[in-house]
Structures are given as structure tokens and as C-alpha cells.
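Each chain gets a letter, A, B, C, D and E, in the order it is written, and its residues are counted from 1.
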Amino acid sequence: TGGDSGGSESGNGGSGDGKHGGSMTFALGGSPTNLSYWQSYDTVTNNLTTQIWDSLLEYSEPDMELQPALAKSWEATDDTTYVYELREGVTFHDGSEMTADDVIASAKLTLRDEAKSPLAWMFGAVDNFEKVDEYTVRVNMAEPDASFKYVPATTAWSVAPKSQIDEKGTDLAQEPVGAGPFKLDQWKSGNYVRITRHDDYWDGELPYLDEATFQIVPNGTSRITGMKNGNYGGTNDIPIDQLSVLDQIDNVELHTVTSFQTSHLVFNCMEGPFSNTDVRRAASYAIDTKAITESTVGKYGSHAYSMLPEGMMGHVKPEDLEYNGFPYDPEKAKSMLDDAGFTGSPRFETTLMTPKDTVRQKPAIAIQQYLSEVGIKVNVKKVSQSTYVDTIWGEEDFSKRPGLQMTLWASDFPSPDAIIRPLFDSEQLPPSNNWFGYQNEKVDQLLQQFKTTLDTEQRAQYAKQVNQIVVDEAPGVWIFHPDTTKAFNTKFEGYAGQIPAFVTYFSTFLRDMYIAD
Amino acid sequence: MVSGQTVGYLLKRLGFGVFIVWAVTFLVFALLQLAPGSPADILLSGGVVTEEMRRTVIEQYNLNEPWYVQYGLWLKDILTGDLGYSFAQQRPVATLIADRWAITAQIVGLSMVLATILSIPTGILAGYKHGSKLDLVLTVGAIVGVSVPVFVSGVLAILVFSFHLNVLPSGGAGTGVVGRLSHIFVPSLLLGAMIGALMFRMMRAGMRDVLEKDYMETCTAMGLPKRKIVIKHAAINALAPVLTVSGLWIGFLIVYSMVVEYVFGMGGLGRLIIHAVEAQDAPVVLAGTIITAVVFVVSNIVVDVLYTKIDPRVVIGGQN
Amino acid sequence: MTLLDVDGLEKHFTVDSGFLSGLLGETRKLKAVDGIDFSVDEGEAFTLVGESGCGKSTAVLSALRHQHPTAGKVRFKGQEIEMYSKRELRSEAQLIYQDQQDTLNPKMSVGEAIAEAIRFHDIVPDSEVDARVDELLDRVGISPGDKYQEPSAFSGGQKQRIAIARALAVEPSLLVADEPVSGLDVSVQAQILNRLMDLQEEFGLGLIYVTHNLGIARKISDTIGVMYLGRIVEYGDVDDIFENPQHPYTQALLSANPIPDPSVDRDRMVLEGSMPDPIDVDETGCPFAPRCPDATAECETADMGLEPFEGDETHLVDCIHR
Amino acid sequence: MTPPLLEVDGLSTHFKTAEGAVKAVDDNSLTLHEGEVLGIVGESGSGKSTLLRSVMGLVEDPGEIVAGSIEYRGRDLTTMSDAELRELRGNDISFIFQEPTAHLNPAYTVGDQITDVLQAHTDLDSDERWERVYDLLGRLGIPSPEERAESYPHEFSGGMAQRVCIAMALACEPELVLADEPTSALDVTIQAQIIDLLTELQSDLGLSMLWVTHDMGVVAETCDTMGVMYAGNIVEYGTVESVFADPKHPYTEALLRTVPSHLDTAPRFDTIEGSPPDLQNLPSGCVFQERCPDAMEVCRNERPPYYEVGDEDGWVSKCFLHEGNPTRSASPSAPEPSAPLADSQTDGGQPTDREGDR
Amino acid sequence: MSQESADFSASRKTGRSRVLAGAARGWRIIRSNHLATAGFLIVLGLVFVAIFAPFLAPYDPSAQDLDSTLAPPSADHPLGTDNTGRDILSRIIFGTRYALAIALVVVTLETLIGVSLGLIAGYYKGRVDETVMRGLDVLVSIPPLLLAMVIVTTFGINIWNAMLAIGIVYIPMMSRTVRSSALSIREETYVQAAEGLGYDSKRVMLKHILPNAVPPIVVLGTTDVAYALIDVATLSFLGLGIQPPKPSWGAMANAAQEYILVTPWPIVFPTIAIAIAVLGFNLLGMGLREVLLYGGDYDEVVE
């Protein structure tokens, strides 16, 4: 398998429509750490886990509507109650049939301590899960949470058989048994993961492919090379600088789409010079975010005016803002800094912490340069992922945190819930996600309303108001929304295109793909 | 020759080898303890962490014990054959290693073979004809060979041979004998060339030394054929110093195979260790160092035993 | 006056014999020097002769505390040798080594080498060191102008003379020369040995000379000890021993020495085999017995020790047949 | 008289160095007859080994035979091809070296090394070769040869190792054995054994030997004829008895005086003052002139030719003290190329121009 | 007092003349071998470039020009630009400083620690030797790059730690070499003679053993620098060494592999620089080996 081309037509197709059969080798940019659903929280692992695990709901492509999956319908009966009607006759990989018990046990597994699920918070507002009958599950909330409706479409609530959960517990991470279109065949850690067709998949026709191999190819150049040479049927995570190369290869189709991710610079709003709002504004003027966007992501991303990309509720444009989104103006920056009393040379010195990937590191270096031009000396400190994680979540004393940090934040839902609530709420200081140290009572208040209101129009209003205040107070510099990308060999068809991606959700893209004649 | 003395010597060497391996683990363990960031946080990285979760993890991994207790517990596990559990990968270390050692072993083995094939005959030739044009060409070639870091030659090989010419697989380790060979041949060749350049230099130096030896004169004076003089009498003796350090090279090869694996995207031990080091995934790093140390110690013992075959003056366990 | 008095000196080396036997506590002893006595008076020249490996060097080195003897008493100038500090002892007793090629540090000019010794032992005030160096070099026949040269600029014979100058620089009362000329040409040997004899006489030094060259031994020494396997087998006045050797080994040694005169026709007494490794020696009996043409059954068990030959206290022999 | 086995004529071997040529062997001639033992004595560095190596063609870079011929049974060794030389070496002409242990390959058993020689020069099959090895080792007084053949060189004492080397040298029954100080590294009692052994073998097998040593005693006891070498020149050549009895060259005379003997009771050592000349800058005249008590004006300017001395045939000395005696056949590269060979032989005097100098 | 100062100035003068003589001797040694000469000239060139980097570099090494990123070589940018539009030539020129810093650190650590340990072990032999050597055996049993990786992650990924780590891992080899030299030199007659003159051990070690152990130290030190350059570059390439935006060659190569398919120049030129520097030290080391260990008065052979 693998062989010369990313796929082969092995011909033992199912229903003779010509779409069935064959295999694909997908080049994965990194090693999945495990194959559990409850820990699937990164762009590498989710590609794989979503093939194995199915959740209650999924999104329609490309319009991002929730649609039935393992649940055939759902309903919010009131502010704090959700009811899910399960599909009957769903078979797990182990041959057992799905019932309400399985669904509840699966959610509870995510909530177990030893699961160490980074997604557990999604159930934060849940009071309990209730089995109404064999095929009905009710969720009772402790308080209203408008974003909860998305949770059943995430990997936080994929479904595994209760018998397996009881027997293996978190060891399911190594030997996953789900209801997804493919089941695990072989896992050579660090090398490849092979999955094969789940013949009893609930959607009769699907999947088309007999088998897929996720080959772990960390080196982007090798992935592109393999795509060019037809070794791989598909890949993702292409290094931004080389996307154009992939784009130009004839037998490869590149799919890019704006993501709900934002590359941004975080100011330390509690300690040091950046606790002064004017200094933050000055620094924002000093940085040419458009140029950085252009040179970093080019056409594979879009310039950011705030944390919320276009198409998401609460999105703002320069004209909505008091400071017009801080257009590049170093002179203005200098005079503002003078006014703020920073006149020396350098005016002051600070540290910018960044992890190593291009998407964060390259802007960091550009920012260092821009700030030095207005007299701020920046020491770029490149750290390993673990140190980075340690600092941004672990360091609660803001006087010990760096003045600046480069961050890439991704939303878990197609709504601002997973952006403005965790990032700007003054309740959410580290070890939670408000690493800006940003505090604004008005914002806190608006966020509370945003959370508890279910009406979409209203929520959009609150979100926009929060966003305007935040952007004008500049707790950070918003730089760009990088596209997410996937590429496939042209002989594979059926990829529905991608909806703007967020981490916890990647469609089980393989399910619908087949080899063209 | 396999006397009580030999057995005794081997026991002594093994005993010392065990000490070395122990000391290595101790050193690495201590270093990792010094590293910033608590293992618990590394374990829990990537999400919102409740205090309770933290506590669970800390207890699960004995992280609240003083480090020497942790070390003791870890050592106990190792002695019972349990290599521990990877923090970052959430899998038993033994599984991780079982999945990956073969690739590394194959790369190391193949590059050693290629290095030997490349270096020994050329080294003999260059040493025998030292000062000649051929010697100069080979010597300069060898210096250039060691001067180009393997990551560079690897990346360039991918660029040229895979991307532009499409004659090489671009990544992965391949399956099946042919598939595996086609994937690891070029990486092993690059690695082998690097080691081979070093071996060549030693072989050449060894030849030169041996050719100065008095017994070479005896060979000439007794009218032995040239081929016999060079191969039987000179090369064997010149091989001895090469052999003594070849144990060192095994370790060298293991780490450099990491680089090769990294560049060519093969999931061997090397990449496992690199990622573990980056993630401060102590159990994996420790297991990795243990493996290299064990391989190192064992290969050095083997080398010593082989050495006595080449140089009978060195009697195992004797006073020389 | 007796300068050096060595009594029952023993030097045993422990030979590592592998791990297992080590565990079993089986260490093997190499008896390099196995109980020897000799003494040197002021102005006297004493020579140790014997074949390679018989323990000559070890004997003098351990007598003068360059190595730690296993047993035995050594008195220097009437005092226990342990009473001297290392520095004192070294300035009293100086060694000249065999290997002229390497006797001087190749990275140090010869003048500096001599000056270093003088300064270290505070022989003369710093300001006079230079003059002293010149004088010493002159005495051994090296032009003082050459003192800035490194040793590689000198021939073997010259280096050996410089080494002698350095040994004399610390003004010792005892000079030990361990085969100091064996690598040199006969003509050069003769020059050096003559000079050594002159200087010894002039300074009234005690001299211990170690050699396997019987021709040199005859001329240079007053008394001589013939060593075999770590023991002195015959000891006494040099002429006495050369003309009237009593021990069979001494006889064989003298007989084996080629005589540079083709007209002398003699029946050589050729010993079988070679001197055994000192590790494998039997504890009892005469160590020379296995090679001795005169050996009898008694020799294998007899108590050995130097005894006066025919009551002559100046000629001692270690053989039960004499 | 039988034709000579080895005839060296006007041999010069120089080492090329950055500072000029080291004239290690400079215009020497000698003759070795079948069954004869010729001793070469001289001090360290006088060129003995180089002379011997030149005969065997073992001189290595930067050394080179710059002049002269070496005829073995009428065939000139200096012009032979490598292959031809290889045929001769170890087969017709053998070599015994000074340091036996260093001259044996530590990696192989001694038996193995001796069979290598047999394999190179004989048609014997493997079994026959080993038979021969056992036979040889036994004859050379090595106890239990079957076992010892399987031993490695380091397991032999110096004396035993030298027996092995001799066995190797004699393996193919050579006619000529070149021995470079074969006993100097050994103890006197062992040396006596080896000397006796070699002398015995020589007469048993009718070997011819060229025996280099620096020990006058060894020469006196073993050789028939001898050459005395000084600074690259054989300064005197004759039968052992005559030379010892009445040395005709001042250097020979001085050398015999200085050798310390245990029979000599004189209180001091006899010396030759000064030291040998630097082989890179040999004086223009006689090489011994600087240390010679009898040096004359002519010695400073001219290199003396071989003068025939004594009554004996072939006794020669390179010294002007014997001026007036007939000179011996000069070699093609003799110091006086202008002097016709016939001239010097017939009128026996020194070349005429030298007379003019006076 | 005056006497003393006169002595002092005299010794200073001889000190200086000795330095000059040493330099002259060194040059003679280097000159006598083609490899060494070539290597020395390369190293000299590196030193020159490192010192005069600000004058030689056409641009500020960290000045970015986001309008011309990944530009191919041109008149403006002779070696092209990287993905933030920084001039590669200028960065390579400044990168020389890192290469030489690595060389300096490695040499310093090797000589200060490696040589002392080796000297002490070789001189005192016995138990001291055992202890030191067993300790070093432990270090040697961890492959250098791996040990460096662990050290770096422990103490933080930055330039100094990377260089220190590489320096540390090269210590055992140096110690072993010095020890084996010291072991054999201490048996040399001249050391025995120095002991025989009653000299104290410090004097014997420093004045009599060390100066004679210099050739292998020089040779090994030089070649080790070559390997250290590769190791630091490799470490940087793996992201554990010198970090961008510092213009170190390895870091540049590391960054450039992300866009090698767009333009190979940003990886090709820095690696050529690495290769040249490594080649320089290697040639120098090999040449010195020929002269110091095979030629002239030296016949000791160390590998």
C-alpha cells in the first residue's frame, strides 16, 4: 500500500456505482499523540480522529449549519434544556448498536479527571445528562449557555460504546472503537496510522474508500514533494511560504478557506509600559500589520481588524472603530509615546515571547523590527512549545510575564463564544485564557449578557459592542486570519470544500471522497 | 581462549557497562529535573487545567515526591521491565519504542555497512599510496564529506532527487523489504558517507602507521607478494584503531540518524527522542538515552572482543 | 663514611591477573627485587650488573625512594631514608638515566633546564644562577654559548653530558647512573665515562652505576654486585670477581661476553634458556638452579643467601656449592 | 677461486632531505664469496644498515642508491624489476633484523608468517608447508615446535623470537643471509646462544653471510673477513685475524682500543676525541681526518682511495698513510673519475695530480 | 626593587619575543603543509569577516524589507533575501561571528576543563585516573548531540546554552587524548628526570608534561571546532540551538527549509558558509596533524 500513488483502485467496490473501493495515503504534518476523541484538540490529530469517531451532530458544508449525524434531530426545549433524538441502528466498529447509554457514557468520559480532556470545559454549564429512553438523551444545564448548541458537533462529544468505555476507560485512546466511517487497522506510532472502511456505517452508501493510510510526514517540503510525485493522495498543514508551490502543481488541487484563527500580539496589560493604554495604541500604530499579513500569509489569509474574522458575528471594520483599527503610522506612534513620557533611547526595553512556528515567529520578528523603528527595544525570545504553554497559562503573576507574546488563537465554534468570552473576561485571567490581563467592567457585563442570551440578533449586537471596546483599547495587535488548507490529488473527488475551520471540528472529509475514473 | 579469565573479563565489562548505563540515566534524570516547567504542566499542556486535574496527575506520576524518590521509583519500574509512560504521547514508552526501533536500527546498520564499504578500501589505498594524487583526491573528498552537515545534504537530496527529478521517495520509511530499502538507502548513504569519511581518515592514518612498522619490512625482505603485504599484513593491523572507535561511532550514528529521520520524515527512534527532548518528555528521553547507552556499551564490549582477534597481544582479562 | 646502606631491600609488584582471580583474592606477585643488601661509601663506585629484567633499575629506584620498596631498610648518610623530605633527598642523590634521547625536556632550552634545577633547590642566589649554568656546562664539555638551544640541537653524547651537568647542579653526594651510555657509540661512551670518573673523584661523590656491559663495569667500579632474578648472587671487589668468579652465573656471564680478539680461542659456557619471568619463580631454592650447569638436587630446596667465599668478607657468593 | 657470490661496487646510497643529501653510504665496494661470513663493524650511524638494505633493495624514500652496482651471481640487483627482486628476496637472499619481536607481525601466529614465505617461494601445499615449519623451528632449538608455531610473536622472549626470525629467513634455503645486528638487542647469555646457533647453521648449510654489528667481540668470534665502516665509508677491509692483529687504518686502530673489554684492567677508557662528522656535510677530504691523530695535509683535501695493505690478498685501507701501496680497483664512481682504472692498478701510486699538490 | 623590575621587564621581553618566535614557528608549521595553509587562510578569512562584518555587510542583518521577500540573487541582494526580505549576504557575514564564537567557546572549554582533567588523570594515574575516566566514560556513552539536546532543553534554548552544551560534550574526547598523551609522556625519561630532581607535581605537569602534549591538543582542538560547528548548526537546524532571528548559519538554514521549494538560495548559501568554515578548520586540523604528528620531531600518533 502507499506505493507509487496516493491511492489505488482495488476494485472490490460495494454497490458497483464505480465510486467504491481504492485507498488513499494522506500525509499528515505531525504525529497524533493518541486517537481519543476527548483529547482531539489539534490540527494534526483531528484530521484522523474525525474519521474514526462520529458525534451527535455535524456541520453542513460549506454553510456551517448544524445538521444531524448520530442524532437524527435535536431541540432546545428551553434556555437550559437540550433534547437529542438518536438515530436507530447505528453500529459501532465492534458490532454493537448505539443507545442513549453509550451517548451519555461518552460525554461523561470526556469529563473524567483521568481523561485530562482539554475539551471538558465545553460541558461547563451542564448540570446532568438524562436518559429519556433508549434513543433519547436530555441535557439539563445549570445556567444558560448559548454556545452549548455547538458542543454535540465537536469531538468533545463523540460517541463510543459504553461497554468499551467501562472496560477500557481512557485506554480507548490507544484502541479506539467508534461509529465513524473508518476504523483503526494499524498504528505504527511515529510512522503511520492505517484505517479501513467501516462496512456497517450508518449512512449506507458511505464511505467509498476501502482504506486510508495517514502517513506521518512532518517535513512540509516532503509533503509537497510527495503530492507532486503522486505519492500522497492528500495533505494538510502546508508551510505558508510554500503554499504557492503546491498551488501550481497540476495534479494537485489546493483548497483554502478563511479560518476562525487569529494571529495576534498580546500586550501585558497589567504590568510594565503596556499597562498604559496609550502605549498600546502607539505600538499598534507602529506596526504595519497589513505588510506583515502580506509577507506572511499573502493570499492565503486575510488581514485581521479584530479577533473576529469576517463572517463571524461581532466582526468589526475600521470604520466601526474610534481609532480606525490603527493604520500604520510610525510618526503618530512616536508622538504618542513621547506624550506618554517614554522619551529615552531606547524608550524602553521589553521581551517578546513566541513559539517556533512560522506563523507566529515571522510576525514576531517583523514586530521587533517595527517597534525598534519607534524606539522600543524588543528582545525576541523563542521558546519551546512546553515553555510557552507553561508561561502563558502557568504564570499568574503578570509582573513575571513577558511584555509581549505572539499567539494564534482558534475558535472552537463558528461563533465568538470561544473567542471573546475566554479571552477578554476579567474572570478568565491565567490559568485561564485572558493572558492579556485585560479588565474592563463594561466588557464583562456585555459578555455575561452575550452568554446568556439565546437570541442571535441580540447576541450579535453584544459581540460587536465588546469587540469595538476591546479593539480600541488595544490589549493586543490583531494581525491576520490565516487560511486553513488541504490539498488533494486531482484523482480524488468528493471533497466538499471546507467550512471556515476551527480546531475541534474538521469534517470527516474522507467519508465522501472517492477515486474518479 | 574462552577461559575463566575471558568470562571474568566479560563479567567485569558487563558490570561496568551496567554502571555506565545507570550513571547515564541518573545524569539525564537529574538534568531533566533541573529543566524549567513542572512535568505536570507539560502533561497537562494545551488546555484549561483545574487544580484538581493537576493534583491527579501529580499523584499519578509521583510528582510530589522529592526527585530522588521519583528516580528510585522510576528505576524500580525499569528493572521490572517497565519503561514508563510517555507524558507527551500518552502511550507506554515500550510501545513507542517497539514501533520505531527497527527503522533506526536499519538506518544505522545500513549506513555502517555503506560507510565500511566506502571507507575501508579507499582508506587502505590512500594510506598505502599516501602522498600520491589519488591520496590527495580521496583525502580532500573525505574532508569535504565531513564538512557538509548531513541535514544539508539531506534537504538538498530531497529537493533535487525527489522534488525535481522524482527518483526518490520523499518521506516516510516505506514498507516491505524493497520499499524500506528504497526509502532508507539514500538517507543511509548520506549518513554512511559522513561516518565513512571519518573512518577513511582513520584507516588511512592507520595504514600509514602500520606501513612504518618494522614487520612490514620483514614482509618485503621475505619477498611476499604486494597484495598479501597490503591486505593480510598491513590492513588487518590498520583496522585495529578503526575498530576501537567504531563503538563510539555507533552512538554517533544513532544521534545522527535522528537528524536523518527528521529530515527524511521517518518515524524512527531518533525523531521520537528529538520530540521527547523538545517536549521534556522525561520517560521517553530516559528510555532513549538508556537505549543508546546500552547499545554503546554492548557494541564497545563486542569491539573489545573483536579487537583481541585482530591484536592477539591484547589478551582479554590479561594485564596488557 | 658509608653514604648509602641498603639492607634486605625487596620490591614486589602486584600483577593484575584478571577479574575472577582478583575476586578470589589471587593476586600474583612479581618479585622484581627480592632481598638485596649493598652499601656505597663516599667516593666509592659500586656497580650492579646483570641481564635485562633482573631488577637492577628497580633496586636503585626503590632504594632511593623513587618507588616504594616492599621491605627493607635504607640508610642514607647514617640516617633512615624516610627522615629526608623529597626535596632534600633529591638534592642529595641524583639520577642519570639511560635514554639520552629523552632525558631533557624537548620544549625547554638546556640552560633553562639546568637553571631550573639550581633555582628549585636554592643552590646559589638567583643572580649567580647564570654563571653557575655556564660553569657546569663548561665542566662537561659543552660550550656555554649553546645553552639557549633546545635539546634537539645536541647529539646523544652531548645530551648525556648535559644531563650529567644538571645532575651535578644540585650538588648531590650520591650519583646514580642507570645505563647512562648504553645507546652511545663506543668512542663517545669512553669520553663520557672518563669525564664521569673524573667528576666523581673531584667531588668525592658516591656512585652507583647500573649496566649490563661488563667491560664498563670492570673499569668504572670499585665494587660490583651481580644480579640475577632480583637477587645479588655475587658481590665484592671488582677485580676479584672478574678474575675469580665463583657463582656459576657470574662465570657464564663473563664467558658469554664476546672477546674482541680473534686469536683468543675459548670454550664458551653457554647457558640454556633465558632468565625466567620473575612472576614464575619458585619460592624456595636457588633461582638459578634450572639453568645452572652445576645444579644438584639440593639446590632446589636449599636456603640461599650471600656468604663469604672462603672466609673472604669482601667476596660474597650466593651458592651452596662454594 | 670461485667467482664471488656478491660483488658490491662503488655503492653510494644517499637520503635526500631538505637540508641536503645524507651520504649514508658513500662509494663502497666489497666482495663476498660463497660460504664466507663477512662482518661489517662501525659505530651507530655509520651506514651499516643502509649498506645492508641497499643490497636487499630495501632502502626507502627519501633514500636512493645514487651510484654503484650490486651483483649477485653476476646479476645486478640495482637494475632488477620489482618482480625479479621479489623472487630473490626470502628465497635466495634473506634478511635477519636486529629487533626480532618488532619484525614479526603481531596479528598472526609465527607459523602463519613462516608459511607465508614458503607459499610465496615454493610449490609446497599447505600440509607440507606446516611440516617444514615444524621442522625448521625444531632445528632452531625451539621446544615443542607444533605448539609454538601456533603462538603469537608476543608470546616469545627476545631470544626465541630471533630464532623464529632466523627460521623464517632460512625457510627457503637461501644462499646469502644478510644479518643486521641480529644479536644486539639481546642479553649477553642469549646473544651467546644465537651466535653459536648462527655459526653452526652457517657451516652446516654452507651459508654465506653479511653480518652487520657494532660489537668488535662478535666480529672476532664469528666472521672470516670484516669491513670497518666510518661515516658512510668502509675504511678498512680484510680478514678478521689480520685486521685485529694489525689494524691498518687509524680509525680501526682507535676503535679497537676504545672497545671496553672485561679483560682490560687499565684504569681509564681509551677514547677517540671528537665525534663523527655530519653525513650531510662530510669534510672534503678523508672522513676521519678531524679525529685522526695522524692527519696530514692531503687528508684535508682528498678522499683517499683503497690502498692494498699487508701481505694478504684483498686487505685494503682507505688511508693516505699507505700511500705508495697499490690501490685497489676503483669503482666507476670512485672519487677520481679522471684517474684511469688501469693506471691506479698498475702503477699503484696515487694519481699524479695529487703529487702536484704537494 | 629596581632589580626586580629589571628582571620583570627582561622576562617580559623574552616573553614577547617568545610569543613572536612561537607565532613564527606556528606559521612555519602551517606553511609546510598545503592543507594546513588552505585551512589557515580560510580561518583567517573568517576572522577578518567577523571583525569587519559591519563594514563588509551591505545591509543591517536584521533589516527586513517585506516588499522583496524570497528574492533570488540580484545586484541589490547578491545572495538574495529570506522570507522577511532580509539580505542573506549580510546575514551570512554577521553569522561568521557566531561561528567564531562557537569555535572560541569550544576551544576554551576544551582547553580549560578538558586539558586539565586529562593532565591530572594522566599524571596521577591510579585512582584519580580511574575516577576521572569513568566519569568521562559516562558522558561519552551519551552521544554528543543527544547530550547537547538534553542540556539545552534543561537550561533553556539559547545561543549560549547551545554553545556551552556543545563545548561540554567535546570535553571528554579532549581529556582522553590529553590523558593518553600525559600517560605516555609521564613515563618519558625527561619527566622521570624532573621528578628525580624533586620538582613538585604542579611544575612537572605544567612545565614538563603539558608543553610536550601540545601537538595532539592543537590537532584535536582544531578538528573539534569543525565538528562543533556542524553540531551547533545541526542543533540549530533542529530548532534547539541558536534561534532566529539571530543570523547564525544553522538557524538560517533551519528557517529556510520551510520555503526551499520556493527558492533554494536561502538554504544553499548559509550551508555553503557552514561547509566552508568546517572545511577551513578541518583542513587546518588535518594539515596540522600531518606536520605535528607525522612530520618533523613528532612521532606520536593520536586519533
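Note that in this section a residue touches a chain if its C-beta (ideal position, glycine included) is under 8 Å from a C-beta of that chain, and two chains touch if they have at least 3 such contacts.
Heads up on the chains, UniProt names are B, E = ABC transporter permease; C, D = ABC transporter ATP-binding protein.
The model shown is predicted, which means the values in this text are computed figures rather than measured ones.
Upon removal of chain A from consideration, the remaining chains are still joined by touching into a single piece. The minimum number of touch steps separating chain B (ABC transporter permease) from chain E (ABC transporter permease) is 1. Chain centres computed from CA atoms place D at the largest separation from chain A. When the interfaces B-D and A-E are ranked by C-beta pairs in contact, the top one is B-D.
The centroid of the Cα atoms in chain C and the matching centroid in chain E (ABC transporter permease) are 48 Å apart. One finds 52 Å separating the Cα centroids of chain D and chain E (ABC transporter permease). Computed from the mean C-alpha positions, the centre of chain A lies at a distance of 88 Å from the centre of chain C. Counting only residues that touch two or more partner chains, chain A has 219, 221, 224-225, 384, 387.
Residue positions of chain D touching 2 or more other chains: none. For chain E (ABC transporter permease), residues touching at least two other chains, in rising order: 153, 156, 239, 257, 260-261. Every residue of chain C that touches chain E (ABC transporter permease) in the complex is listed here, in rising order: 66, 86-87, 89-91, 94-95, 97-99, 101-108, 116-117, 120-121, 152, 163, 166, 170. Residues 56, 58, 85-91, 94-95, 97, 99, 102-108, 113, 116-117, 120-121, 152, 154, 165, 168-169 of chain D touch chain B (ABC transporter permease) in their complex. Within the complex, the chain B (ABC transporter permease) residues that touch chain E (ABC transporter permease) are 19-21, 23-24, 27-28, 31-32, 34-36, 139, 143-144, 146-152, 155-156, 159, 163, 201-202, 205-206, 208-209, 241, 245, 248, 251-252, 254-256, 258-259, 262, 273-274, 277-278, 280, 285, 288-289, 292-293, 296-297.
Those residues of chain E (ABC transporter permease) lying in contact with chain B (ABC transporter permease) across their complex are 35, 134, 137-146, 149-151, 153-156, 226-227, 230, 233-234, 237-240, 253, 257, 260-261, 264, 267-268, 271, 274-275, 278-279, 282-283, 286, 289, 294, 301, 303.
Within the complex formed with chain B (ABC transporter permease), the residues of chain A that make contact are 1-2, 27, 31, 33-34, 39, 41-42, 113-114, 116-121, 173-174, 187-192, 215-219, 221-226, 228-229, 231, 384-387, 389-390, 393-394, 431-433.
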